[in-house]
Every structure is written in structure tokens, then in C-alpha cells.
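Presented sequentially are two complexes of chain A, the first with chain B as partner and the second with chain C.
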Partner chain A sequence: MSLRQEIRLSGSGGQGLILVGKVLAEAAAIYDGLNATQSQSYGPEARGGASRSEVIISDGDIEYPKAENLDILLALTQEACDKYHKDLKEGGILIVDEKMVKSLPDENYKIVQLPIIKSATERLGKFIVANIVSLGIIVKISEIVSEEAVRHAIKARVPKGTEELNLKAFEEGMALAKEWMKTHSTLVK
Partner chain B sequence: MSDKNTTRLMQGNVAIAHGAVAGGCRFFAGYPITPSSEVAETLSETLPEVGGTFIQMEDEIASMGAVVGASIAGKKAMTATSGPGFSLKQENLGMAIMAEVPSVIVDVQRGGPSTGLPTKGSQGDVMQARWGTHGDHPIIAVAPNSVEECYYMTVRAFNLAEKYRTPVVILTDEIIAHLTEKITIRPNSELEIMDRDKPEDSPEDYLPYKMTDSGIPPMANFGEGYRYHITGLVHDETGFPTNDSEEATRQLMRLNTKFDKHLDEILDYEEFNTDDMEILILAYGAPSRSAKRAMQVSREQGVKSGFIRLKTIWPFATQKIKELSHKVDTIVIPEMNLGQIAGEVERLTPDSTSIVKVNHVNGEAIKPKEIVNAIMNKD
Partner chain C sequence: MQRNVDYSTIDLMGRASQLGNHHQKYTLSIEEHYDTLIALLDEHHLIDQIRLLRFSGAPGKHMRTIASLLDDRQTKLDMIGCYYSLQFLLLNFKAIDVLKLELSTKTTNNYNILRDFLVRTGNDFRLLSRSYMAVLLEEFLPENAPDYNILSVGTRVDQEDIDIGILDRGSESRPILTKAFSKLYSEMIKHASVLHFHISEHIGGKGYSASIEEFHENLDNKIGDFVLLNEMLNSVSIIGDEDLFEDFSSDILARYYYQKGQNNKYHEGFLRGVLGEIQDLITRENEEEVLHPKKDGLRLIKGTITALKSWKGLSDHNTTLGVLHYLYNNDIQNRDEYYRLYRSLTFLETFRFLYQLFVVQEEEIALEDESIFNHLDKVAETMGFSATSYAKPATQLLIHYKDHIKVAKYGAKKILTNISKHLSNITIFQTGRNAVNRDLVKYKSNIAEGFLSSMDFFYNTRYWDDLLSLLNNNKQLLKKFLDDFNKASPSIACRYIKWGKRSPYLFISMFTIIKKNLPRYLPKGNIYKLQVEFINKLKSTLEDIGNLGQVLEFYPKKMYNFLFILPENLLKKLIAVLEIPIMDPEVNKIRKKLLDLCNLTYSSSYYFKRFIYRVFNTYQSYLIDFNNPKKFREISEGLLKNIENFNSTEEQIKRLGTYYDFEFMRLGINAINGTFFGTLNREFTIFSDNYIQILFELCRKDVKKSYDNPPLTKDKLGLYVAGGHARKQAFEDDYDLIILLNSTNKRQKKFSNQIIVKMNKHIIRRSIMPHYKFADRFTSYVTTFQDLKDFFKNPTEDSFVDKSQLLGARLVYGSDHFQEDFLNQLIKPFIFEQKEEFISSLLLEIRNRNKFHEDTKYLNVKESPGGLRDVENFLFILKAHYEIADPVSSKLFSTLSYKMPEKETVFNQIFSNYYFLKQVRDLYHLMISDEDQLQMKYLDAIVDPLKKSGNKGFENKSELENKIISSLNKTAQHIRNILNSKGYYLDYDPSVPDKIASQY
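Right, the complex of A and B next:
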């Protein structure tokens, strides 16, 4: 079977996880020449409530567009982490915000716990770009798509006028991940 | 639109909106409802750019009324909604069927009944699309299973509506409509676009409901010099109401059989591995993606499964399904309802045929392995 990578981005409504999914899918499908699907599950609320966005990336056809066996899970709330970590495959990558997710699952995952929201708030001045900081971490750690493809996709997908801020957020996420990898290099390829 | 192929990442609802414009849609009236709203949102920007009209109406009943009116005036017209709105549109949908007014209705199915599960997928409106409006009547409904098909099936929906003077329902679901994936858009010049037959008769001799050989009378647009009467009442060839039983039989039988001579063109489906199959999977819309995967997996595990995907849901592919059902003892039918199409298949197959239903009504997609399990248990 062809390479199939499944990523779930989870948290609460309003955190911009659907946008991250679309950026990731666009980077893979349009700029890296792979196939990708992005789907979502959300509640009726405009803000709050559980929200998840899923991206499947493959070099072959993608028949079933939802995740079954996750390679990567991003959880920006404790609720999301508790609810979804069981869908991660053994050895899968779990990325969490260190402030929002304090209780970690005792399973064989590669757990990446970083100050995502703190970086967005303090270093970039905008809580709202925590989603793109997360994207930087995912891309740096998994190398699932090329960094250049993601930069193109960010420019194409984020609201006009926010491109620079979002690109900075992406670099910030990659820097966080790079720093983390220095001390955890044995855990992740 | 480009004169070359363009590849983009697009959402299903957005693809329906772009497909509508490519198919000639120049009028949209609707009322927003999850999970269909992106169709209206997109058209509110793109229709004015091509000289079209976008109206957000006060409700769904008025939206469907506006679509019927715009089409009578000569515009290719569409509305988009979900289950609760589709219920409201049934009255004017019946009017469009009776008066034979081309129109396209997008129903992005969500969990029901009533307001149900607003943000989750469903195929619960399959029978509503067939019989939601009262009285014996014909209808065409089509079901896409990819973003690319959302685009091209919408173009086709307009063609069918125009050619056969009928409402066409695009019966999609939240999963496909909210799926974002790659789509290749061909130049408009490569698309086949059909327009309604215009009368060759003079305005004085024109009969809007003439008994033609094809069963489809030519349609004059209002405002082009042809004056005629349109009603939901049973009418004669002139369009004026009639109570005459012979005339009623004549016109209603023409209406109800008007697709019969054209089924080859209206019916659309795709088959995989039905030549050597031991078991048949039948699916449409979102579950058909899982069904195709399930066919591949079960074959890898040694079960020769075949697969038919219905692209046209109504009219039903009766002959094709009868033909395929003779080859197998078991038909597996995954649906995001409690077996609405399975019931149709049961009507066509002998009692000895085992119909295995895989059903979800909780809004979650049907996984390939659920279908594989159904196939394996029945081996």
C-alpha cells in the first residue's frame, strides 16, 4: 500500500484548526505534488465546543478521507488529548500545549509538550496564531511536507494582511521544535 | 476562467458553486443553513462577477419560489439547502415539477429528522428527494462522491434540468460537501453545456405543454414574446387548468414517463470488478469511497467482491441492478441512513438474495473496515 499519513488537529472551536488543516493539505497537494484531503468535525457553536480537523496525505488515491489510525495528533485542550490519543498508532507523535494539557497519556507515543499558546501570546503578541505555531512544530518534527510548500500555502490561505504574522508564527513553531529536538533526538527520527 | 486545466485544493460546497457558474447558472436564491452555506457564500461573490443575480431570501419557501420564477424568465437557477430547508422547499419543488421548470436544488444532507445533527453528515433525505413533494411525479437526483465530482456533476445537473425540463436535486452530504481535496478544473470551452429547447412555433401557435415525441415540450422564456399560463393545477397543452379526466391522464402520464425514453442518458453509475464477483457492494455519496476501499481490501483477503456506485440515484437504475443481482447471492449496502436505497434494491431482487445493510445515523462516516466485516461475515 502507498504511503498514507494521518494527522488530526484537535482542540476547541475558534482555535483555527480547520485553517491549519487546509494549509497542510494545500502544501501537500498543490506544492509538494502529493494527494491530500482535509475534513472536519465540529459542533454547532461558533466558539468553544470540541473541534477537530483531519488531514490525510498520500502518494496514492485517498478513498476513505477520515483518519482511522493516526500518525500525528495535535491536542490544544486536555479534553481533546483525553478523547483522541487512543486513535494514535503505537509510536505516533502526540503534540500538546504544555499549559493546556497537563495530564499526559501513559502510552507508547512520542510526546512533544511545548509552550505553544505562550509563544503565540508572548513572542508574537497574538493568541490567535497558536494554530500556525503548532503547524511549525508538526512540520519540523514530522517532515511530512516541505517547509517551503507550507510557506506558499500559508500565504495563499491566511486572511490578507496577516501573512507576515503567520509566517513568523510558523518560523516560531519550527524554532520551538528544533530546540526540543536537541534534547529529545533519540525519541524522534 | 483559465483556458488551461487548473489544479486547486477546494471544498465540495465551493466546487458546487463554481460548477454551477460553469454550467450556466446565473441566478441563486437561498437561505443559509449548515452544512450548505458555503455554496451560497461563494455564489454571493462569483455570480455578480458574471452578471448573475444572488439573492438571500427571507426563507427557504421564498427561495425556491424565486428559483422557479427566474427559470421561467430564462435564467439557469439554483438554490442550496439542507434537510430542514429541503422540507420547506417541497411545495415549490412540486410546482416546478408540475410546471416543468428547469431548476437545480442542492441538498447537503445532515443528520435528521427535524433540525437533527446540524454539523454532521447523513444520507437521510434519499427518499425525501424522491417523494418529499406530494403526488406521483418524476424527479432526477444525483450524488457526487468527490470534490471534483461536485463540480462536474453540478454542470451535468444543469444540463439535465434544461434538457428534460425538470428540477434536479444534487443530493450530497456533509462529508463530501465539507471535504477539501484536489480538483482539476477544465476550461469552460471543453464542457458540454445544454440549453432548453426553444419553440419553433410562432407565439400564436405555441403550446407550452405540447405532446411531443420526446415527451419534453419546448419551453419559451417569459419576456420573449410568448404569453402562456403556468399553474400547479393539472393543465392541458395550453397550460390552462383542466378537469377533464382524459386530458389529465394524458398530461400526467406524459409527465410521469418523460424520462423513460432517455434513461440511457440520465442514469449514471460506475462498476468495478463486477465480471468475476461473488458478492456485490452497492453505494453512493460519501460511503462509496469507503466501499471502494472495502472492495480492494476484501479482494486482497481473497473474496471476489464487485462494486457499483450510483451517481444517479433517481430515477433508479432498476435494470442495471436487476442484472447485477442475478450474479450474486449477497449485496452489501452501506448507507448513512437506515436502508433507504437498500429497500429499493430489496424490491428488485428475489427473496433468496441476502441484503446486508451497514447503516449509520449518528453522523459519523462509515469506515472501510465496517464494510469489509460485513463482506467477510457473509462469505
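Right, the complex of A and C next:
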């Protein structure tokens, strides 16, 4: 039985979650030699302002491209959290922005509540890199792909001239997660 | 790292480095495998046959040749992937080079050049990617693989991802396909564009493919996801069994095309879905700092074209440009619209393609980051824009971009109207079993239930304007619908809300239609429950608030009318939902605006609400800026200045009315928002005087036309305002007018009367009641000096009231000479020279009124002791006493303080209390009710605005009540003291000599 990890990145339009999905999938497929699929919501539900991107990573064939039993859910808005948390498997990881998501589900999830947007805006000075901060958190907490693969994938996906800022954002996300894991290490592997 | 590559490859890699970073995937593959590939071809003497550094017209043939040279699968895949990467880069370089050449030589117009670029590049990319997929599938699929067909469902030129659907026959051997497509996906993500399987995500079981039976299962009973249908209708078979695609076309796709005389419910459902989105996109406010070519224009254009494709049965045309070309040549009536869409489509699609090629494969382009402009310059230069002394290429591109969005929306809007008409002709509600408009008497079952069961098929579609229009235009049908709605089970409200949950526009329209046609249905039964459910289901989410905001932005009148009819408890709930911020800055902006509008509606009295309603219903575009005082001020000034730009007097008067309405509303909103009352009074007086003066001039001009030799009225005619207007007080709802003529010439009087009759007609249209102070007594709007002189020579008991009106009047139209005559012939002889009689009448009036109001438990801000009328009569007494003709104002208080220096402090206190009570009254009128008798339980509403405009000494309604009572009492006491000091006594006591009171 091969490893299959399902990740959903959700929030609102303008948060760059599609890009995070692409980076994660390419890091796995191109640089870590795994199999990966990445898709984004195109249907009517995606046209009301919500944004969703899914990545499935596996060391075997991916026989079904749709994520239904999530291992990780990133929710950058309350709406996304409310809408999608039910797709998380029991014990799955729910990563939320502490300012945007106040009401957390009372379920058996590992909840990682961090100042994602605050870090992007206050420490890095750019709201638009909140997506890459989130990516750093996902990578550190899940160890699903190698950090080096993600760095390569970031450089190969972001616009020229923004590589350094995005890599900084990635490191910032990893640092946030590392700090969080010090006090919550028993919850996540 | 580059190894052993020839000069041309270096050149290729150098050019690739000029493209977006995502091309590293291709250069990485080339760097890793190019040497091996060259060696392989050299070894087999194929180096001249497969020229790697030139774009190939037969990539599939070359890939198969390469594959045939190798046994090891991984090496084979790497070599084919490397070949693909080379060809992919060459394809794009060729595309750019040819585009630049054509734009510089310009053999045709720019849009045709862009079209050729898109078609050529799209075809090249389709050829390359299809070949790559076909060769990979030959590798991954065994010989006994089941039938399949790959449908290409996306835009041909789009390199960000390749949208495909896969058909199979649903056999047990589907896992063979699933395995092969899984491998195909993994290989594509490494060396090519990512595949996207939207259809597979929605149709069929777990896997990448779906059978025709599974399409039936998913789509037969519900219209489903219109995005999916949109993809299906634009699908083309690119690889695999053609028969399978033929079966799919005839079995599934055909039913979404219009078929004359047949049941068109699938076609109708698709249109309801896609038109809902088109309407949303037309009404969507584009973000200022973000470009999104898809959301801004491309989706709109493509959706419109696919809708037309399904209506006109153009199944053979499978690109948007192809359908547009056909329509342009065959639907001559709408040719202009098609050409508009064509220009915008070619521009936006090219821009999106080049941006993604040169910068990043993202749909959103944030302009707030300055560095983006360097990238945009590059895109703009490739599209033919060159730097000029006044604008960089990117600036020019952005201007064109915005223009094309507008043009696309304009074109789509006109076409939407045509499609909507088509929809209303073919809808099952008109022609089917549940036709609602056919024969209402014969429709025996519950029509509201009938609607719902028929609409179930259309779940999640959003375009219902045609049916709303049917209900709006047929009162009998609307009544039947509402009666049946109320007769149905209470759960019907929840079922309707659930059905249309994504479309507040639908319900808001529905409620406003009921309000307009049958308002009595709103506050009761299931219709009331529908409103409750509608509000209860709203959440502070981006989607809900975004949808509501869209209604406000584009249908402001509908939104305001809805808020106007919403019961107070529901309005409060809506306010609570809107108070929570939304992260998206654009939606948050509109949320705040909507919240302000709700608060304004909630804070307004019915009297003022009615006023706003009238203004917004006549000029809905003003509603958008209602919370921007600066903008509102500018609009108002523009309205006034614009009056003279119209030629006809009628039009000028109409525009003048607009100016009045607008100013009244603007100042009312400012008052509620706590603007300083001194400012409000000043501005109110300016606009109301402007109104009367201009209206008089315009009416006189009009009346003069009916005279060959119109009489002259210079220095003979004067217009006075009395009451609050004379005192320069804001928010006087009535106009007390005195029209005086210093002449007995009948022709002059008739002429003047005709002007006033005309004026009167227009003032009434503003919902203001003009009162002509002497009209009843002298049976004419115009009163002559002689009429008044005769009357005052033989006074009645209440002639002091008429004298007060004259003494308090303020001239708004007339000469100084006329005012002098007015003072000398009327004020001096009949008031100042008969002051004792006048004053004693006023004292009696105060005394009697105070006695009446002392007995009542209600506070009346105007009539109670110490109230506004007391102050005004008190001032009349002193004006007569000192023979001062000035109207009531702060200046009059100063004059009186000068006359009675020992009472200066008391005068200041009276003025301050008077001013405070006046503010209480005005705000009470605007926010609670148009009455002077205050109901204390409602005072809460005016606490904040009173405080904002600088009043102190209260924090809540009971403290405010105390302050009002204290102001009234103190004022009454001060008035009494001052009058006593002048020998005028309000308390009648026979033992005290009272030179005035004793006369009565």
C-alpha cells in the first residue's frame, strides 16, 4: 500500500493558493521523485469568491485525482474552514490563520493556529506572501516533501525578482511551525 | 549547469531564461537529457532527420522514432520529455517572433494579427501536447486496453494547464485506463503542462474516465454544474475512439442545444446557469489594483459565445473565435456586438497568454507591487505598444485593458438581452406541463409548489429575470402565486431559500416586485417567513456579502427598496451580519457602504425614509456615493450649475427639483451623521433660497411667454418666507410663503398670480406643502399691500398671528426698494405703532398655550412652555418693543443683548437652549417621526448624532430626556423674567397691575 497524502489549500481569491498547490506538486513530482496531482476548483462554487486548490502526493500511482479524505487542510478564511473541515480525516491536520479563523471545529483534528497573515504583513511587509508562509508551515509540519525540493519549486514558480522575498516567506513559515511544534510536538508526528 | 551543448542550444537556453521562471522545468529537462538524446540520434544516424532545434510540424512522428530506439522505459520517457521541452520552447519563440513581425509590418488590423497569433499558437500547442499524450499513452496502455476518448475541453492556447475529459465504455477494465492516465499525469507534470480533469472530478466513480451512462446518471435529473456543461459543449475529440465521442455527442451533448418544437429543458438549464454567471460578471466591479483577465472579461465573453452556440446549434464550431466568426457573418443584426466581443477577446487572450509566458502562471495580477510594471512593459512591447514621451508601454496597455473590459461588458449586455428573450420563449414554465402563464384559472394545484418542483431541476442556476419579469408584469399571476405561497406549508419559505441560496438578487428582486405590486402581502404569512429565512441564512462570508454587495453596486434602487421594506428586526439582524469585516478589500469596501446604507435606513424616520426612497428611485446612480459627503457635495453643486444648460423651461424646472431633492437628502444624511447644526442651517437656507428664487425666475419666464406685452413687476412684487425658513432653520418640511404686491393693478396681480400658481404646482411635486399665509383670507396667492392695510384697519381677534408672520418674514425675492416700502407701509404703521395691542395678544397666546401644555404629561418640543414657539413669540414681543424688523437669528439675539446688556447672559442661555431644542426636533423628525410631541422611549436613536454635533450633558436617553426638560423649564423661566423686567406679565394675577393683560 503506497503512501497517499491529500492536501487542500483553501481561502479567498487573491491569496495565491493555486500557486502554493503548484509549488507543492512540482516539488514532489519534479524534485523529490514522487507522484503528484494538483487541481483547482473551477466550478460554480469557485466563482463566489472562495478559492481552493488540491494536491495529492503519493509514492505510487494516483488513481483518483480528487481529494476527498484530507490529511491536511489549510484554511485562510473562516468560510473556508467552515465549508471544508468536514472533509478532513479523523486526526487530520487543520492549519488556520489565527486572525481570520476564530471559530474552530470541535472535532478530532490536530489544529495548528498561527499568525500567518500577520507574519506576512508585519515581518515581511507583503500580504501577498502569506501563501508562501503557509507553505512553509505545511512543509515543516507534515514533512511531506523535502524543504530543498520546495525551495527549488518556489524559485521555478514565482515571478522573476520576487524569488528572495518568497524564499524568506517560506523560511518564516517554517520558523513559525518549528516554534509551534516545540509546544505541540505530541500532536503531530 | 550546462553540459556539452552546441551554440544553438545556448541561444535557446538564453532565450528561455527571458521567460517566466516556470520554464525552468523545461530547461532542467534539456540540461539533463539533451546530450544523451543527441548521442542516441547520432548513433542511429537520425540527427539530420530529427532536427531538435527547429519547431517540428510532425512532433508525434519524431517522438515515436525516438521511443522506438530505446528499450528502457525511464530513458525513453526522459528522451521524449526532453524532446517535448525543446519543442515547447521553440513553439513559444516562434509564436513571439511571428507576432512581432506581423505587428511591425501590419498587413491587417491589430485584432486580426492577435487572432492569427492565438489560432496559430493554439494549434501548434494542441498538436505538440496531443502528440506527446498519444505517444505516452502508447507506452502506458497495454494492447488490450478498453476504448477511450480524450476530449479537449479548454482554451487551445492555454498553457497553464490542459483541460481534458476522458470517455470510456464503463467496462470492468477501466482500471487499466486509470493506471495509464495516472502515469500520464505524473509524466506531464514533470515535462509539460499539468492536466486538469474537471469532468472526471464530477462525473463517474473514482478514476479519470467516465462512461456515457455515468453522464446520464449525473445529469439527467438535475442541470448540475454549468461550468462542466460549458466545458462539455466546447469539447473536441483529440485522441482515441471517435465512435465513442460520436455517441457522447448525440446522446449527451445534443440535448443542450436548442431544438425547435422540442422540450428544451436541458438547453434552458444550461442557459439559466451560464446567463447567471454572465450577469454576475457584467455587474462585477473590477478591482482597481488587480487585473484578472479571466474574471474581468474572458469568462464573460466565452460564456456569452457558448450560450449563443447552444441556442444557434453551432455544434460544429468548437472554438470561441470560430463561433464568433460564424455569428459575425450570419447574424448581421448583432454584428457590432460580435465585433466588440472579438476585439476584447483577442486582446485579453493575448495579454493573458503573454503575461503567463513572460511572468508567472497566475490568473491574478496585483498592480500594487511596482516591480510588476517592468514585466508588463515586456508584455506590452510584445503586443505592439512602444514607449512614448508621455506613457510607458505598460501604461498604454493598462488603458487598453480597461477599455476592452468595458467594451466586452457592453457587447455581452446587449446579447444577454437577446438570449433572455429566447429563454422566455422556450422556458418550460411557458410551454411545458407546469406552464404558469398559460391559463391561470385552470391551474388548479398550488402554483408556488409547482414552481418549486419544476425548478428543482434547475437547482443552482441563477438567471431568473425572465420569470421575475413575468410576475412583475402580470398582477393576477403574482397574486395567485402569493396566495398559493401563503397556503402552502410554512416549510416552503425554507425550501425556496435553500433552492436559491446563492442568489440574493433573486429574492431581493422578488420582494421589491411584491412591494411595488401587492405590498400588503409582505408583512404576513409565508411571505414574511421568506424574508426572515432570507436574512437568517445570510452569513458574514465573502460569498454572501460579495453577492449582496453586487446587488448594491449594480441594482442600488432594488437594494434600497428592499431595505426600505425590511422590518426593523430583520434590518437589525442584517446590520449585525454586515458589521463583521471581510478580508477581501474590495468586498469589504462595499460591505461598509451597505452597512452605512442599512444604518441610514434603520436610523431614518418613515418621513425621511420616504424622502430618500423617492430620490433613490428617481436617481439611483446617486445612491452609490451616498456615504461620501465630498462626492455628494460635488454632485449637488453640479446639479445646480447644470440647470442652465437645458433649453426648455420645463426641463430646467425638472432639474431644479432634482437639485432640491438631492440637497434635502444630503443634508438629512449629514444631520444623522452628526454634522454641526450651524453648518446644516446655513447650507439648508442657501439651497432652499436658491430653489425658490430660481423657481420663481423660471416660472415667470414661462408665464411671460403667454403675454404679448407682459406687465412689469420690478419693485412691486416680493416673495417672503415665514416660519422656520425665515429663521434660516434646516429641515422645515413646509414652505410658509407670503407673496406681496405693492400695486392694485389687476393685470400685474393676474400676472403675479399665474407665476405663483405655476410655482405651487412644482413645489408640491417635491412633497412639500406650500402655505400661502394670506391666500385663504384674500382668496388669492398674491396679497396686495392694500389688502393688508384694509385688513389691519379692521382687525379680527387673531390678526396678531398675521402680524407675527409679517414681522418674522424674510425677503427671498424682491428689491431693496420693495423691502423699504414693506417696512414703511406695513410693519411700522400696523405693528410698531400698534405694539401694545400686538404684544398683549402674543402674551395671551403664550399664556393659554402654556396652560394647556402644563396639564399634559407629554413633552412637546415646540408647544410646551419654554419650547420653540414660546421663544419665537417672545422674540416677536421684543422685536415689536424695540421696533426691530430683523428676522430671528443669532444676530437678533446679539441686538437684544445690546439693548438689554444686563440680560446678556440670559439671552445667551435662551439662544443656546433654543438651538438645542431645535436640533432635538430636527433629528427626531429625520430619525423617528415627523412629530413635535416626543416619545421618550425612542430618544435613544438621537443621542449619538446630538453628541456628535457638539451637544453635551447626556449619555443616554434618560439623561437626554432630563436635559430636554431642563432646557424647556429654564427657557420658560428666562422668558418670564425678561418679559417681567419689561413690564409684560405672563402670569395673570388681577392683584398685580398688568397694563396689557387687563385689556382682556
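As a convention for this text, the second predicted complex is superposed on the first by the 182 of 189 C-alpha atoms of A that agree within 3 Å, B and C clash if a C-alpha of one lies under 4 Å from a C-alpha of the other, contacts with A are read in each partner's own complex, and residues count from 1 in each chain.
Assume a residue touches a chain if its C-beta (ideal position, glycine included) is under 8 Å from a C-beta of that chain, and two chains touch if they have at least 3 such contacts.
Treat the numbers as computed from the prediction; the structure is a model and nothing was measured.
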{"item": "Partner chain in contact with A:A175 - chain B first, chain C second, else both or neither", "value": "neither"}
{"item": "Which superposed partner A:L167 touches (first chain B, second chain C, both, neither)", "value": "neither"}
{"item": "Contacts of A:K66 with chain B and chain C, given as first, second, both or neither", "value": "both"}
{"item": "Which superposed partner A:T37 touches (first chain B, second chain C, both, neither)", "value": "both"}
{"item": "Contacts of A:A29 with chain B and chain C, given as first, second, both or neither", "value": "both"}
{"item": "Chain B versus chain C as contact partner of A:L104, first or second or both or neither", "value": "neither"}
{"item": "Dominant contact partner of chain A by residue count, chain C or chain B", "value": "C"}
{"item": "Residues of chain A at both interfaces, chain B in one complex, chain C in the other", "value": "22, 25-26, 29-30, 35-40, 42-44, 62-66"}
{"item": "Residues on chain A engaged by chain B in the complex (per definition of touch)", "value": "21-22, 25-26, 29-30, 35-44, 62-66, 68"}
{"item": "Interfacial residue positions of chain B with respect to chain A in the complex", "value": "7-9, 34, 118-120, 175, 178-182, 289-290, 292-293, 296, 365, 367-369"}
{"item": "In the complex, chain A residues that touch chain C", "value": "12-14, 16, 18-19, 22, 25-26, 29-30, 35-40, 42-44, 47-50, 61-66, 77-79, 100, 126, 128, 155-163"}
{"item": "Chain A partner contacts - residues on chain C that touch it in the complex", "value": "20-22, 24-25, 28, 175, 178-179, 182-183, 185-186, 189-190, 194, 196-198, 200-202, 206-208, 225-228, 273, 277, 280, 290, 359-364, 366, 369, 371-372, 374-375, 460, 502, 539, 541-543, 546-547, 583-584, 587"}
